[in-house]
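What follows is chain A paired twice: with chain B in the first complex and chain C in the second.
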Partner chain A sequence: MTIHAADAATAADAPKAAAGTIVSPPPARRRRRHRTQGQWWIPWAFLMPALLLFLVFRYIPMVQAIQMSVENVRPYLGNEFVGAQNYQVILADPAFRDATINTVILAVGQTVGCLLLGFLLALLLEGQTRKLSFIRSAAFLPVVVPMAVVAELWRIMYYPSADGFLNNIIGVFGLGPSEYINSPDSAMWSVMLMGIWRGGPYDMMIILAGLAGIDRGLYEAATVDGANRWQRIVHVTLPGLRPVFTILFILAAIRGFRVFTEVFLMTNGGPNGATEVVMTLLYKLGLEQGKLGVGSAGAVLLFLATLVLTLVVQLITRRKKDA
Partner chain B sequence: MSVGTDTALGLTESRTVVGIAVKVVIYAVVVALFAGPLIALLSGAFSEVSDPTDLSVIPNRPTLENFAIAFDFGVLGYLANSFFVVGFGLLLQVIVSVLAGYALARKRFRFSALVMVAILATMMLPEEILALPLSILLADLPILHINLMGTLAGMIVPLGAWAFSILVMTEFMKDVPLELEEAARIDGASELRVFAQIIVPLCKPALGVIGVFGFTMIWDQYLLPLLVSQSSDTYTLPLALRTLRIEPEVTPGVVMAASLLALAPSVLVFLLFQRSFARGLTSGALKG
Partner chain C sequence: MHTKMKAAAVLGVVTLALAGCTSAAPATGGGSGVKQDDEAVLEVWTRTTPGSASEAATIRQVEAFTEATGYKAEVTAIFDDFETKLAQRAGQKDLPDIVLNDVSQLGTMQTQGILREIDLKDVENAKDLSPQALEAGQAVDGKTYGIPYSAQANALYIRSDWLQKLGLEAPTNWDEMLEVATAFTQSDPDGNGQADTYGLAVPGSTKRGYASWYFSNFLWSAGGDFITGSGDEWLPSMSSDEAVEATTWFRDLQCTAGVIQPGAVSMDTPPTNETFESGVTGMYVTGPYMMPRFDKVLGADKYEVVPMPEGPKDDSVLAEGGTVYLMAGSENEKGQTAFADWYISPEAQKFGMEGTEAFAIQLPVNEKVDIADVRDDARWQTFATAYKESGRYAPTIPSWTPVRQMSADTINALLADCSLDVEEELTKLDGKLTAELLTQGILKQ
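Right after this comes the complex of A and B.
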């Protein structure tokens, strides 16, 4: 009995090591079922609510999106198959091209900005004292504030007159006044800056967890060898954080591609299309103008872009690990 | 120059006058940058802010008028909607995750690896990408033929299954020793009894993690309520901020009063359950 139990426990532990890489091998099936396993349908009964909800609200809509993307969607009249026509329409649309460029700029800017800010904050706020954990909590606050509130607050702070909140502050340093989200020249980086303010502290927390996992002995060894702060960070800390950076990069890029709420609330794509991103454009096309087929084609392309990006990052990091 | 070896930067260990001064300045700047705007919002909500240029971190002419005006525009009703959605949404999410986690962690069955992949893959299918078909689907649910558009239920049910929560539960339940379960079974405990009285009570830390993350995730929802709402009756508070701003009588002070009510619940949840937050950030994000 006890041998059996221990055996089963290790079998249950086996896939955990591979949990991060999705492709965990299924545990070897026994010829005789273990007595704790019971009837075959029991696990499926426990899984049913989750699987049903995922099926109805994730997988069926995905299939529908693909289906609608090759159809002329006509409510009450029945849809007709149009092949690749919707894709041709959306790919030829200069608005979609501009929105794609804007989305990439915003996604790259926010991803890199958040990582840099998060890394800097993590370095500055690493430590065990109560005072530091209080400061870390204060820095983390923007992450838990709803995006809708962040957007309303920054709209007020970005007030473009010379005595607006942020213009007052940058005025102290002899800068500005800027028009922020009200001018096509500055709207994009204004939205980006707000995103970095909210996303940077999140990256900080994850990077701090990564820093805690770095062997202190390596720091001592580096110090003994006469390395200064800068050399120690470049040669010890950064390599140790590579897996953390990879995950943060994937998460941020996926989030960046489907950015919607902050742009919708700050500028709704304006002024003059300067901040139009793929999702705000699709929202206008599909839900405001009722072009569901063309909108779905855009959504499918957006999904493919996210998928390709994830796979590419996975491939690059796996090859580096092997090398 | 000697550099401490407890942290990457070695700044924390610095005990010199210059080191301490540098630390104080850095900490002050960090707090000002990240908490400053929120303090400005707090003080703005309780001040007379008739123009965006009146915004300041220091309250001036304190008043509760902003809240009174916000309530006149139905903010309390929107807040109630938000609480309804987060309450039932979180309940559903926790139940679904605990059940699924139990099967994935404690049972070995055919296709379990495939189920895991199917659950992980949903992380690639967020509401944003599915927005258009979702708005059609919610108007006429498959088989049931129920219309959830314009109802709060339409904002709740699609959030019921969340891959993050299921993964956190699964990882945690794997660590519950099998001996406990075996002992209960020998004593004749049924499957449901083992689940409800042995496994779930041992998973309180994980329940805390999926509770706080589920709460902030649902509270922050924007696109889904936007798709589902057909009139202001079903607006959640985050959704209502945009329409509130456009009203001519509404000053920035009123917007900030409503914003304060919209951020208070999730900030309070964070401050009260920081331990669960830290645990979830390190386990969930790095593994999922």
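Right after this comes the complex of A and C.
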């Protein structure tokens, strides 16, 4: 594992090397690498605690979920094998189809929104001065605050009468009052907006790290060539951030598919199913109505969708790298 | 350096392995034909918040049981995901001996096979149970699987100071209720010069089916029903004339009169309670368990409790309550039966009603007990009368939760979107209910 990390580090160094600063690996490091190769089990021993925890709390439950998805789950009387029946039930359920569509809309909206907000914040807050680092921390706060607290705050801000917090503000501009999470027309974007507010600063942090990795010389060269500020962003910053965007996209998409807490706390899928996402539906089916088999089947489908998405994104990026 | 690292790694693994060993629970036997032991401690689970006043009330009650009968018992309070945690214990084939939970869970638990059938001959005090309570303890097969021990029915909480200020009387029927609600909304009953009050507090969220839970008071007093039938033959009835009438009236409170608090469709009970106690809403239909809280926050002089206004048919209200469930596979079945019997005895019922903050018994189910003997608060009498004369439990079917959830979705949708057609939505709901009843195997063919 350490070997892989070292490889990755040198691979990451490669573009920098191309940009001008050539670093040759010191001979001492190579010798050490050779020595650790003999004791292959040491890295595994260090990984063991984490792996054991993953095994008990992640992998075994996952296998059990797959098993439950083909059973009629009766904890006390014993499960019965029912084959693909649970999958038939969940796939034929129009609520599942609607929830899938809502999930995709929410995931896409939040991912794009977070990336845009994060990029904007990162451009504004990049720099070394102390004041900026304070503002950066302040901007990062929503990510640290627990989701339950955020949802409760936004529920108060979204109070739908004319004297509600946000309605007061948009009232200044002659808009509203909006119903926000209480109307099927506005509930989805209201939940999305809260998600972007919360997720944007997280993206900002990672983009900031990416920005620091872009060679200053490239900006200078672009300025010398007569590029204006906008052109520098498009032709230097954005290409330099491509790997950052890829990882953010994968993370955000996965997070988007599993969205649960904010929807559960704000609307519980209502009103009129306008914000019902796959996870809230599965929660209702499996845990509230006790249809654990059907719920598991839905969870397995969700897992497959996430897996496929991750693989596709990785395939695309790998192909780009090769080309 | 290297030996140190190796040692650290080995130590980590060993520690973890040890931790794993010590936390592995020993497997215990279960199922039928368990060896009996009268001395075994009864494990009692109750669905209430740990550390709350109602947990303390339950512990006090169970300690009194031990003192009276000699059987030992231990209380565990669980609130969040109670059913999930119970299912986990069922999976281990090691259930608690007694579960104190809502009466509407009976069908679900019985279908899971985790309940023991109760022979009423063994439960001496059962002969004094109120007829509704006795019926609520039976599953679709007509056998008894639970002994209701505490009841509650809904009544109307109303701001008496607002009524006085506007020169109004507490409503006794739906027309008056609408009038009062409109006056509360439009005539500035709190006198602050702002239009910031509303007539009726409604928890209209789909969470745990609250919208349907609240609406059932109105549906039943209009003569409507979610499903009709008995035993294992049921039909959906949300598109009946009565149900349509009730739904239309209830929905017009929101869409035409505008007397329901803003944001009702995304509120479950905690935020709805707040609207009543903070003076945003002037009426609220709920159970007696809210009185201690409203007395403290709002003040007992600011509101009164009156019977639910009469609907087009009668004044039926939702009755609920706690039930003693005797779980399968117990090693102390005698103790279980004694527990159920003692809990509904006149002494226990009276003892459980004492206190000021929370009560182990809300309303007695034993007909020999008169609530006035213990509590001289006339408001309790209102609830007791409502339960006795108009209280109605949700029907016992294998699983009531999906029915409540589906109807809550529809009620919530109708409140949220005033452009929807009531009859069309209710017909759709009937379709879903038909499918659900079929799944549960109780659809009348």
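Heads up, the rule we're going with is that the second predicted complex is superposed on the first by the 274 of 323 C-alpha atoms of A that agree within 3 Å, B and C clash if a C-alpha of one lies under 4 Å from a C-alpha of the other, contacts with A are read in each partner's own complex, and residues count from 1 in each chain.
The rule is short, and it goes like this: contacts are C-beta pairs under 8 Å (C-beta built on N, C-alpha and C of every residue); 3 or more make two chains touch, one makes a residue touch a chain.
Predicted model, so just to flag it, every value in this text is computed and none were measured.
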item: Partner chain(s) touched by A:288 [first = chain B, second = chain C, both, neither]; value: second
item: First (chain B), second (chain C), both or neither touched by A:46; value: both
item: Touched partner set for A:147, first chain B, second chain C, both or neither; value: first
item: Touching partner for A:97 - first (chain B), second (chain C), both, neither; value: neither
item: Which superposed partner A:270 touches (first chain B, second chain C, both, neither); value: second
item: Partner chain(s) touched by A:77 [first = chain B, second = chain C, both, neither]; value: second
item: Partner chain in contact with A:181 - chain B first, chain C second, else both or neither; value: second
item: Chain B versus chain C, judged by how many residues of chain A each one touches; value: B
item: Contacts of A:163 with chain B and chain C, given as first, second, both or neither; value: both
item: Touched partner set for A:258, first chain B, second chain C, both or neither; value: first
item: Contacts on chain A seen with chain B and repeated with chain C across the two complexes; value: 42, 46, 49, 155, 159, 161, 163-164, 287, 292
item: Of all residues in chain B, those that touch chain A in their complex; value: 1-3, 5-12, 26-27, 30-31, 33-35, 37-38, 40-41, 44, 52-53, 55-56, 95-97, 99-100, 102-110, 112-113, 115-120, 122, 124-126, 128-137, 141-142, 157-158, 160-161, 166-167, 171, 174, 177-179, 181-182, 185, 191, 195, 216, 219-220, 222-223, 227, 238-239, 241-242, 245, 252, 255-256, 259, 262-263, 266-267, 269-271, 274, 278, 281-282, 285-287
item: List of chain C residues in touch with chain A within their complex; value: 5-6, 9-10, 12-13, 16, 20, 81, 83-84, 87-88, 90-91, 93, 95, 108, 112-114, 194, 196, 205-208, 262-266, 268, 271, 328, 399, 401-402, 405, 409, 412-413, 415-417, 420
item: Touching residues on chain A, where the partner in the complex is chain B; value: 1, 5, 8-9, 11-13, 15-16, 19-20, 22-27, 29, 34-38, 40, 42-44, 46-47, 49-51, 53-54, 56-62, 64-65, 68, 121, 123-129, 131-132, 135, 137-142, 144-149, 152-157, 159, 161, 163-165, 197, 201-202, 205-206, 209, 211, 214, 216, 219-220, 223, 228-229, 232-233, 236-237, 243-244, 247, 251, 254, 258, 260-261, 264-265, 279, 282-283, 286-287, 292, 295-296, 299, 302-303, 306-307, 310
item: Chain C contact footprint on chain A (complex, rising order); value: 39, 42, 45-46, 48-49, 52, 74-77, 155, 158-161, 163-164, 181-184, 266-274, 284, 287-290, 292
